[in-house]
Amino acid sequence: MIEQPRIVKICDILEESANVRTLFFKRILDFMPGQFVMVWIPLLDEKPFTISYMQKDIAGISVLKRGIFTQALHAKKIGDSIGIRGPYGKGFHTQTKLNACVVGGGIGMASLATLVDALSDITIIQGARTSSEIIYKTRFPEMKLCTDDGSFGFKGTTVDFLRELLNTRTFHKVYTCGPEKMMYQVVELCKNRGIDCEASLDRYMKCGFGVCGQCDCSGQRVCIEGPVFTATELSRMEDFGRIHILKTGERITI
Amino acid sequence: MSSIDLSVHLCNIRLSNPTILASGILGTTRALLKRVAESGAGAVTTKSISNEPREGHKNPTVITFDGGMLNAVGYSNPGVDAAAREFSNLQVINVPVIASVIGTQKEDFARVVDGLSDTNFSAIEIPLSCPHTPGFGLLAGQGTPEATFAITSEIRKITKLPIFVKLSPNIPEICTVAKAAEDAGADAITAVNSMGPGMIINIEAQKPILHFKVGGVTGDALRPIAIRCVYDLYKAVNIPIIGVGGVSTGRHSIEMMMAGASAVGIGTGVYYRGIDVFKKVCEEMVQWMEENNFDNINSIIGIAHD
Amino acid sequence: MSSIDLSVHLCNIRLSNPTILASGILGTTRALLKRVAESGAGAVTTKSISNEPREGHKNPTVITFDGGMLNAVGYSNPGVDAAAREFSNLQVINVPVIASVIGTQKEDFARVVDGLSDTNFSAIEIPLSCPHTPGFGLLAGQGTPEATFAITSEIRKITKLPIFVKLSPNIPEICTVAKAAEDAGADAITAVNSMGPGMIINIEAQKPILHFKVGGVTGDALRPIAIRCVYDLYKAVNIPIIGVGGVSTGRHSIEMMMAGASAVGIGTGVYYRGIDVFKKVCEEMVQWMEENNFDNINSIIGIAHD
Amino acid sequence: MIEQPRIVKICDILEESANVRTLFFKRILDFMPGQFVMVWIPLLDEKPFTISYMQKDIAGISVLKRGIFTQALHAKKIGDSIGIRGPYGKGFHTQTKLNACVVGGGIGMASLATLVDALSDITIIQGARTSSEIIYKTRFPEMKLCTDDGSFGFKGTTVDFLRELLNTRTFHKVYTCGPEKMMYQVVELCKNRGIDCEASLDRYMKCGFGVCGQCDCSGQRVCIEGPVFTATELSRMEDFGRIHILKTGERITI
């Protein structure tokens, strides 16, 4: 119960796509798919990342290069160190025997990856803007792929793809992680079809363990009650799909 | 449930129980304040609000250790205009809401209080005591009797709401500062803010963990210090005291009130025992009072004094 | 055992390892100092010695809580004459022995140092920082830069032994006080003494537990504060620092040295881990150094600074 | 591991002799014969006392009236409260099957009482100055009694009595508690006869848990390494039988 980063050495690096890399490190995490860790680069910052690989005593995080922090993570070499604390939050509810579908958009796919590992009867849908941004292509060869520009697989959004798919079949559960607008549509779609659904939210985080109030989404702490919420919970959360909170605490429309 | 009534009055504000959410913990949005109220708090306090928006310090901003918590959040807040919007419509919260107001100059405090004048806050709390944010609190000399008097007087001029002045445990002359606040028209003393600052170094990284390097210490480590401050203040001032620092159980809360607190703030306790720490603390207080034949919570206030 | 050498030099005194028994813990008799030395301490400090015998406060004088320890022993000691007898023949102790000297006036300190001149102490430590004994330390204004300068100068005149000035963590201007000590000829700074004071109330008895009501807080609660003080002092003074406060493991000790300490005092750690805490801390330090490829303990001193 | 007094209510009081009373209170103590507790009277002081009775959930301390504190304990009524912390220290080593002898002098008998309860084949010797100071007379009817003034039982010291007794029989072990000069002689006597011996020492105590250094006896902390020491340990402790340490820390000859 001591919330401090512990230093781990990066023992392997995998290029997942043009702008996503996975950093591997030795650490046994008592971890549920969908939970996250806070990753620390001393003197720079500390930010939340999903555990995207968990193999025996090696864990991995898949990092999309965006701003200063993720650039710094991309600059790390094998043998370099980072700090890790967690895992935090509530993960996905898994029922291994039932058939399910995961819908990942962009780096959101990282949150779903260990869930896929844990499930047996699973349909995987990944959406990306373009072919070069698709991740885990060899890891999950059976993946259904969608690109906005049609450069690979289905041309269109994951929501379009899922909607079509649901015309011919159904699932016991749909899990989703990605841009919030996309997740909102996935959740709505599932509601209409009477399918159970869970989504993993993304909010600015500071403490990660429920005291700072930064990660609020309609009174729910995304770091504690989330990041994964059920459709029922989400339907009570007005901010879902609409409002994010900046680092200052200001509300902004997504 | 028992017939024991935990309600207290604080500057004419009725609290259904003496537990108050301390400033800076979960008080970022109206939705979270509402949730905390529903988790049993007798009153809730917002995260501190400044005139301009502030991003605060970079992460890590909050960590824990075996004696409590260390934080240097750096007063991140959206500024008074956005805050006034966020905290409009406070009627949806069924307990009193206290606005925590900060500033670098006394005029600054006044501007924020003014900017909140259309809201339904029940009181204004001014922390003159943060040990880890440049421009504010101790780092801006606001912890002296003179500065405390000046800032409190300025705010007194422009609001009829009760003013709570929040003090630092780091200042040996805490009673003198409290008296200055009382003289300037403060209605209550909130004691105490986080102590220190402290530092924790990650020895593998060879660096302080907090991005701001140092942060305020709260939780268990702070409790004996807070109890002593409240005990001393109870003798020094005539206005009520809100005891804050390391309270996470009913026993702690009773200890704080016996030292002289009329109500009890809870911050780090949310981490130790979850968001319903307020309910748990109240239940434990009731149980203790039953076992020890107390029926009126007010009768324990200051009872540890000779 | 490994080949890693933990020896350090402190003002030309060689310590076989950087752990030092802090003053007031077990340092009442030569026999106990010897025992602690045999339990692995690199140096040992006596309980503070005053000119006249003192009974100290009544019991309870020492209690613990979930964040550490609270004590108000009140400087009980047999006075310098009896102490000079007790601590004669220090040769039987195979590590350096530091005499802790207290007084109410600067002349008082000088008398005690003088009274110990026939003994074999390796250094004199003067705590100007006790938060809970009337007539001494903070309660006698000895924590100001002026008083620190005056007392240190007075002692400097009459002894060639290294002088360690022990400071309080309660004083915001700790660096100014340390510089005053340095200017007056101190050879090292001991940082820190206990903090607070704090109070713990037994709610069934409705009374503070310590007989003196308040006492100094030590142990885990103090560590982040002590680390911050040492970190700040390392930048402020050029003389070595003995880091004290909440050290009970090898990791704590390394953290303290990375903050800037040349040696590390241990007090409450004796409670947490037993009298052989010194040996345990040293073994843990060696193990950590091996795992992290350090071979010289001196190279970690102050390494957490940019 | 929190060393703070807990308040207990006195539920019974027993007059043991002219100047000794036992105070009983409800508290289950995980306790070894010979260990002690610190007894607190708020605003007054806190001092060490042996647990002299332990019956199911009721413990008792037997208090000899001496100075201010013990007078205040004697003034307590049923229903009054005191604070208790502990138990502390190392108790007696018991081997229930072997025959043993306890030698108690004055209030020292209190430390031996629960030991007697625990042993089956036991000879009890109690010494007192005079008849009215004998304690536990009905509790241990088989007790051999000695009085300095001969007002009851054997006239003489317990040491004299033990010496005579050892002429006709022997013991596997002798346990003693009482005035230190007496214990010193008992230990010497046993050494000469080759009998194993343990003695419970009395030193001024403050913390009771090994940090303040007040209770030193030749480098041993009586509150931690004692109060019970074996004869072997005692033979390495120069101060045993010779030196006590005052509250100031000054050494005085006994």
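Just so it is clear, A, B, C and D label the chains in written order, and each chain counts residues from 1 on its own.
The rule we apply is simple: a contact is a pair of C-beta atoms (placed from the backbone, for glycine too) under 8 Å apart; a residue touches a chain by one contact, two chains touch by 3 or more.
In UniProt terms, the chains line up like this: A, D = Dihydroorotate dehydrogenase electron transfer subunit; B, C = Dihydroorotate dehydrogenase.
Note that the structure is a prediction, hence the values are computed from the model and not measured.
J.: Treat each pair of touching chains as one step and give the shortest count from chain A to chain D.
T.: 3
J.: Quick one: which chains contact chain B (Dihydroorotate dehydrogenase) and chain C (Dihydroorotate dehydrogenase) both?
T.: Touching chain B (Dihydroorotate dehydrogenase) and chain C (Dihydroorotate dehydrogenase) alike: no chains returned.
J.: List the centre-to-centre spacing of chain B (Dihydroorotate dehydrogenase) and chain D in whole Å, with centres computed as mean CA coordinates.
T.: About 51 Å, centre to centre.
J.: What's the distance between the Cα centroids of chain A and chain B (Dihydroorotate dehydrogenase), rounded to whole Å?
T.: For chain A versus chain B (Dihydroorotate dehydrogenase), the centre distance works out to 36 Å.
J.: Going by the touch rule set out above, which residues of chain B (Dihydroorotate dehydrogenase) reach two or more other chains?
T.: If we look for residues of chain B (Dihydroorotate dehydrogenase) contacting two or more partner chains, we find 65-66, 200, 204, 207.
J.: Based on the touch definition given at the start, go ahead and assign the chain network to line, ring, star, complete or other.
T.: line
J.: Which chain pairs here would you call touching?
T.: A-B, B-C, C-D
J.: In the complex, go through chain C (Dihydroorotate dehydrogenase) and note every residue touching chain B (Dihydroorotate dehydrogenase).
T.: Chain C (Dihydroorotate dehydrogenase) reaches chain B (Dihydroorotate dehydrogenase) through residues 65-68, 70, 138, 170-172, 195-201, 203-204, 206-208, 213-214, 217, 219-225, 227-228, 231, 246, 251, 254-255, 258-259, 288, 292, 303-304.
J.: Which residues of chain B (Dihydroorotate dehydrogenase) touch chain A once you look at their complex with the stated criterion?
T.: Spelled out, the residues of chain B (Dihydroorotate dehydrogenase) in touch with chain A are 24-29, 31-32, 34-35, 47, 53-56, 58-66, 69, 71, 73, 76-79, 82-83, 86, 200, 202, 204-205, 207, 209, 211, 267-268, 270-271, 274-275.
J.: Which bits of chain A are touching chain B (Dihydroorotate dehydrogenase) when the two form their complex?
T.: 1-7, 38, 40, 42-47, 81, 83, 206-207, 209-214, 216, 218-221, 224, 239, 245-251
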